[in-house]
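Once you scroll down, you'll see the structures, which are given as structure tokens.
Next, two complexes with chain A in common: one pairs it with chain B, the other with chain C.
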Partner chain A sequence: MNKVMSNKWMIALYVLPSLMLVAILIFIPLVLTGYYGLTEWNGAGVMKFVGLENYAHALQDEQFRESVVHSFLLALFSTLSLGIYLVVSLILASKIKGTNLLRKIYLIPMLLSSVAIAQLWLKVYHPTNGMLNSLLNLLGVDHPPEWLANPDIVLYAIFIPILWQYAGFYILIYYAALKNVPEELIEAARIDGATPLQIALKVKVPLISGIIKVTVVLAIVGSLKYFDLIYVMTGGGPNGASEVMASYMYKEAFGSYHFGYGSAIAFYLLIITLIMTYFTRKLTASKDDVQY
Partner chain B sequence: MKKKAVTLLSLLLMLLLAVAGCGDDQASEGESDGENKTIQFMHLWPEGNSTAHYNIVEDIIDGFEKENPGVKVDVEVLSNEQYKEKIKVLSSSDKLPDVGMTWAAGYLKPYVEGNQFAPLNDVLDGGLEDLFVSGTVEAYSIDGQAYGLPLELNIAPVFYNKAMFDEYGLSAPETYEEFKNIVSVLADNGVAPIALGNKDRWTGSLWYMYLADRIGGPNLLTEAINGTETFHNAEFQKAAEEIQNLVNQDAFVQGFNGLSDQEAKSLFMNSQAAMYLIGSWDLPNYTTNEEVPQEFRDSIGYFSFPTVDGMGDRNSWVGGPGVGLFVAENSDVKDEAKAFVKYFVEQWGEQAVTKAGVIPATKVDTDKVDLHQMYIDVLNDLSNASNITLFADVQMDPDDAQTHLDLIQALFGLDVTPEEFTEQHQEALSN
Partner chain C sequence: MKLPYVFLYMVLALIAVFQIYPLIWLLSFSLKDNTEIFGKSPFALPESPKWENYVKVWTDGNIGTYFFNSVWITVLSVALTVLLASMVTFAITRMNWKLNKPVLGLFMVGYMIPIHSALIPLFSMFNKVGLIDNPLSIVITYTAYNLPLTIMILLGFYYSLPREMEEAAIMDGCSINRLFFKIILPMTTPVVSTTVIINMIFNWNEFVFVNTFISSEKYKTLTVGIQNFIGQYMTDWGAIGATLMISVLPLLIAFIFFSDRIIDGITAGAVKG
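So, the complex of A and B:
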């Protein structure tokens, strides 16, 4: 086998199939999307080359700018909620009873399909028969909010299931990382008289900082390109109040048949995601990662 | 030796993968090898949730295959939304099935402009055209060429719950004044007057269309869409104001802008709302569907949208043909596909209403078939109709339709004023 691997041509040959697959399925469509963004095309007819018109139009499109803001809001909330997940995992990883069961419960939303989650939360948010509003009625609230119909709150109402959906995923990652922290270090800290809080903040968290950085990137990128629940629960409505970049792109391309413009938005989405990834990596990079 | 074999084997595997990746997918083109021809057919009535439709289609295909030996029909079934997506994707790669389903007017326009649908005038000649209710094929025509054969025809009446009306001494309204009175009586008693699922937006559009029809006359909206009239007309603004008056009167269920049509329907079917404006495709739920309690079905009636301030014609309806059949322009088996759609339309017309409760776009002789009274009423209303205005979002180009639908949602949500509503409509339509 070593003989095979020392032959550069052999290596190239082995890499080729997967490289071709990745190129055909990912890189070529990426470039094509960028190109489609330069055209006016309804998906079926002839393509008309219009230069940068679509890209320029997007910058002035009020609805697109709003959807960008909404996407960034989602990214912000997702990142902030990582803190809560970290706390939960710290508790789970410490030796308390029922950790196993709790961990599984937190993971359940991860196992459900997005559409099932959407249906579930549609029932929760139903304005008259919903769980939430029935509860509020019982508590004496006369006019409980119309969660998904009120443009002022729909965005936040929909963030909750999105965060809920991924909570288990991040908790699982943190939990696994925390379980990898060597027992001796914690033992040593305890002998030195550290309180549990100090152990958590000064020993455990720094030791899993690498993982935390990865989850921050995951959360931001995942939020920026988020689509599923928004599409199923509100379709971006009412009147664009819960539109995010991906759902707006979808609406333009497949609703209004503006494939060219939709592609331009998709390309912006890609660029924004790349830039954000770059900056988060930059910001979270530290010269000396704590090692154990 | 062993190593060599492993190398060889992996090389082979790799080549296989590469070849598989490059292979051209010809499946959807419809093969024709001399004797045996296959028609690819895609429809949107899955066995699970449209059993009756599905069975009729299966019957028709069996019959067709028997009559045309050597021709096979290969069926692919998808549910509505998935169907729409798949058709878009297939069309952008020029791989439409030989026969499939389309919607009227604005929906099929991009496909016709992209030369993807075959003109079907030769199929209609020779008597087939006379089978259709007049005006239905026209909805699928562009520049005098028909590109689809309609299968369904619907009008949208206001269904109402007689039991709930009786409770408050109400009866079906003749005028808009009476209608508003019903709304306020119900609202004052804490009953949601109208079930509306405006997340889907076209549902709200129906209400607006009726108000525009009654206030501005049956042709106004159509003319505004095709450019001979404008949305600057005061009647459009008046209709928009009326919508907002209704919203302010709490005429629609709570949170309607966040509810889907399905959710609104379930409110109506659970007697949690008294009225529901929807197409006659929903008739089975109020007549023959055994899954709905008999008691509820018996308590449902319908009325035509009332006149407004003495204006308007109650025989003018909002509605139109639903799905129709198209034949792909670049089909390899075009002649067979055309014969198939012709056979399909004829058979469908005979079976649809009795077996599936679908009102076909072809004429139905009410004397010959045994139907629930409400069906007969609707069929009579259809034959007495002075005008059927095609659903606005179907009439418009897809991008105008999106603007229209978004504006409808904003209008109902009181996010735009009636002036802005008409202004932005005009702007979109004149582009």
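So, the complex of A and C:
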């Protein structure tokens, strides 16, 4: 038994193909991104080594700094919206009938590609014939805003389809966790005279704090990577008002052929994502994790 | 006690409307022509459904080609990912070697990195070996980037498989390959179907790799194809709607039949991370 299961050739045969794919297509490119960031390069010609120039330039670059701020704003919105999802899940999990169908309906947008969602919401936000402004007209609003053309509101407008896309996903996760809370604990609290609101806030929410922490990490790290939806809906515009890190990188590299500078931005994106993953995990990993 | 429940139901129903109505609206304008779209209320149902919108985008554009590309690239990548991930997970959980934990750790780290941070070197690597504008680059990239999550989902199931069966099989002189393909792999069907579904959704909807590596119309997938196609049909909302409906329909139909598996896949993928 042990001899057969320790056969080095077989282990190599089973593991190496995948390991090589991941090494060549994920890990080596990450290292190369850091290196390309040290060069001036148009993607095809000669690479000119320029040291830390690109990295230093990015810190001075107003557009890059704004894109970082926008990415973090989206991360903040996403984290705050977790509160809404949690409330909805608490309602769903409180012995209401028909929740199965409701959860499935909530999840439907999650199945669509970000490109399809972006195209659909371009139509929803269309200034004259869109669903939203037509609705506002019916309600008597005379001059509803041009949602995606106004730099002051475009980032909020873009967050709505993100909320729409992920609502069902987070509600599903919270609901599954809430259904795992032992019935005896809720019963005990009820016998002690706790109101449904108290049961929700003092019993249920603390008991699923582990899952809540996971979702906070998912929401923050996921937001830092947003690209498809913004690329299709606004291309970062108007005037950079909805630019995020990934879209700015893409524009610099594949739009302006600044592959060196684009790589520096991509490397910052990597570092920021890893740091945020580390810190959100650290911050949310409190010592008094509730056990049940 | 009655009244609060009515209120709660209304909240839940309102959210359901918010989640589903944009799609119903999409279906509705995909069946209208421009006079109806721009002349009448956007909330009106189509007077007589213009199915010719669908016929037009399917025959005029390359939607048929894009659709076919999405299907074969998705199927091939999913098959490759799930097979390779199963082999790795089998080797990590069942076979005896010292480096199994560090190797598993490497795959786990691969799950956390943002794909955009690897995009430029990937592009130049594929360029050097002549894989730019070649669907093979898409298949291997999808496989590599979906391996970590797939392994993570498989892992728990493999740990829970009883060992008696394989011990008996090895005693009887069964080879590793036979053990894996004939005994272990069939036993993992439930979790394999979960990973197939989650991979299918990711690959079908993927955008940035195809947008960056593929330039010929004949290799584009639906997500990228519709993006370009819609650019040309700027003002023909009916055609745009029909195109979008065609791109989202396969997963919506899959959801009707496999909703429980899809829910499993989506939650498993998230909570393992």
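One rule holds in what follows: the second predicted complex is superposed on the first by the 272 of 292 C-alpha atoms of A that agree within 3 Å, B and C clash if a C-alpha of one lies under 4 Å from a C-alpha of the other, contacts with A are read in each partner's own complex, and residues count from 1 in each chain.
Everything that follows uses one rule, which is that a contact is a pair of C-beta atoms (placed from the backbone, for glycine too) under 8 Å apart; a residue touches a chain by one contact, two chains touch by 3 or more.
Model, not experiment: these values are computed from the prediction.
Q: Let's test your reading of the overlay: on chain A, do chain B and chain C clash or fit side by side?
A: Superposition result for chain B and chain C: clash.
Q: After lining up the shared chain so the two structures overlap, which partner does A:Tyr257 touch, if you call chain B first and chain C second: first, second, both or neither?
A: A:Tyr257 sits against chain B, while chain C stays out of touch.
Q: If you stack the two complexes on chain A, which partner ends up touching A:Ala246: first (chain B), second (chain C), both, or neither?
A: A:Ala246 contacts chain C only, not chain B.
Q: In the superposed arrangement, which partner chain does A:Ala149 touch: chain B (first), chain C (second), both, or neither?
A: A:Ala149 sits against chain B, while chain C stays out of touch.
Q: After the superposition on A, what does A:Leu21 contact: first (chain B), second (chain C), both or neither?
A: both
Q: On the A-aligned overlay, A:Pro127 touches which partner chain: chain B = first, chain C = second, or both, or neither?
A: After superposition on chain A, A:Pro127 lies in contact with chain B alone.
Q: Scan A:Leu32 for contacts with chain B and chain C and give back first, second, both or neither.
A: Touch partner of A:Leu32: chain C, not chain B.
Q: Using the touch definition from the top, say if A:Leu52 reaches chain B (first), chain C (second), both or neither.
A: So A:Leu52 meets neither chain B nor chain C here.
Q: Of chain B and chain C, which one contacts the greater number of residues in chain A?
A: Of chain B and chain C, more residues of chain A lie in contact with C.
Q: Please indicate which partner A:Gly43 is in contact with in the superposed arrangement: first for chain B, second for chain C, both, or neither.
A: Touch partners of A:Gly43: chain B and chain C.
Q: Examine A:Leu80 and indicate which partner it touches, taking first as chain B and second as chain C; both and neither are also allowed.
A: neither
Q: Under the contact definition given at the top, report the residues of chain A touching chain B in one complex and chain C in the other.
A: Chain A residues touching both partners: 1, 4, 14, 17, 21, 24, 43, 129, 254, 259.
Q: State the interface residues of chain B toward chain A in the complex, per the touch definition above.
A: Going through chain B, the ones touching chain A are 3, 7, 10-11, 14, 17-18, 21, 85, 88, 91-92, 110-111, 113-116, 192, 198-199, 201, 253-260, 263, 267, 272, 398-399, 401-402, 406, 409-410, 413, 415.
Q: Going by the contact rule set out above, which residues of chain C touch chain A in the complex?
A: Touch residues, chain C against chain A: 5, 8-9, 11-12, 15-16, 18-20, 22-23, 25-26, 29, 37-38, 41-43, 84-85, 87-88, 90-92, 94-97, 103, 106-107, 110, 112-125, 140-141, 143-145, 147-148, 167, 170-171, 175-177, 180, 201, 204-208, 212, 222-224, 226-227, 230, 237, 240-241, 244, 247-248, 251-252, 255, 259, 262-263, 266-267, 270-271, 273.
Q: Can you list the residues on chain A that touch chain C in the complex?
A: Counting only chain A, the residues touching chain C are 1-2, 4-8, 10-11, 14-15, 17-19, 21-22, 24-30, 32-33, 36, 43, 88, 91-92, 94, 96, 102-116, 119-121, 123-124, 129-131, 134-135, 164, 167-169, 172-173, 176, 211, 214-215, 217-218, 221, 224-225, 227-228, 232, 245-246, 249-250, 253-254, 259, 262-263, 266-267, 269-270, 273-274, 277.
Q: Across the complex, what residues on chain A touch chain B?
A: Touching chain B from chain A are residues 1, 3-4, 13-14, 16-17, 20-21, 24, 42-46, 122, 125-129, 146-151, 154, 234-235, 237-240, 251, 254-259.
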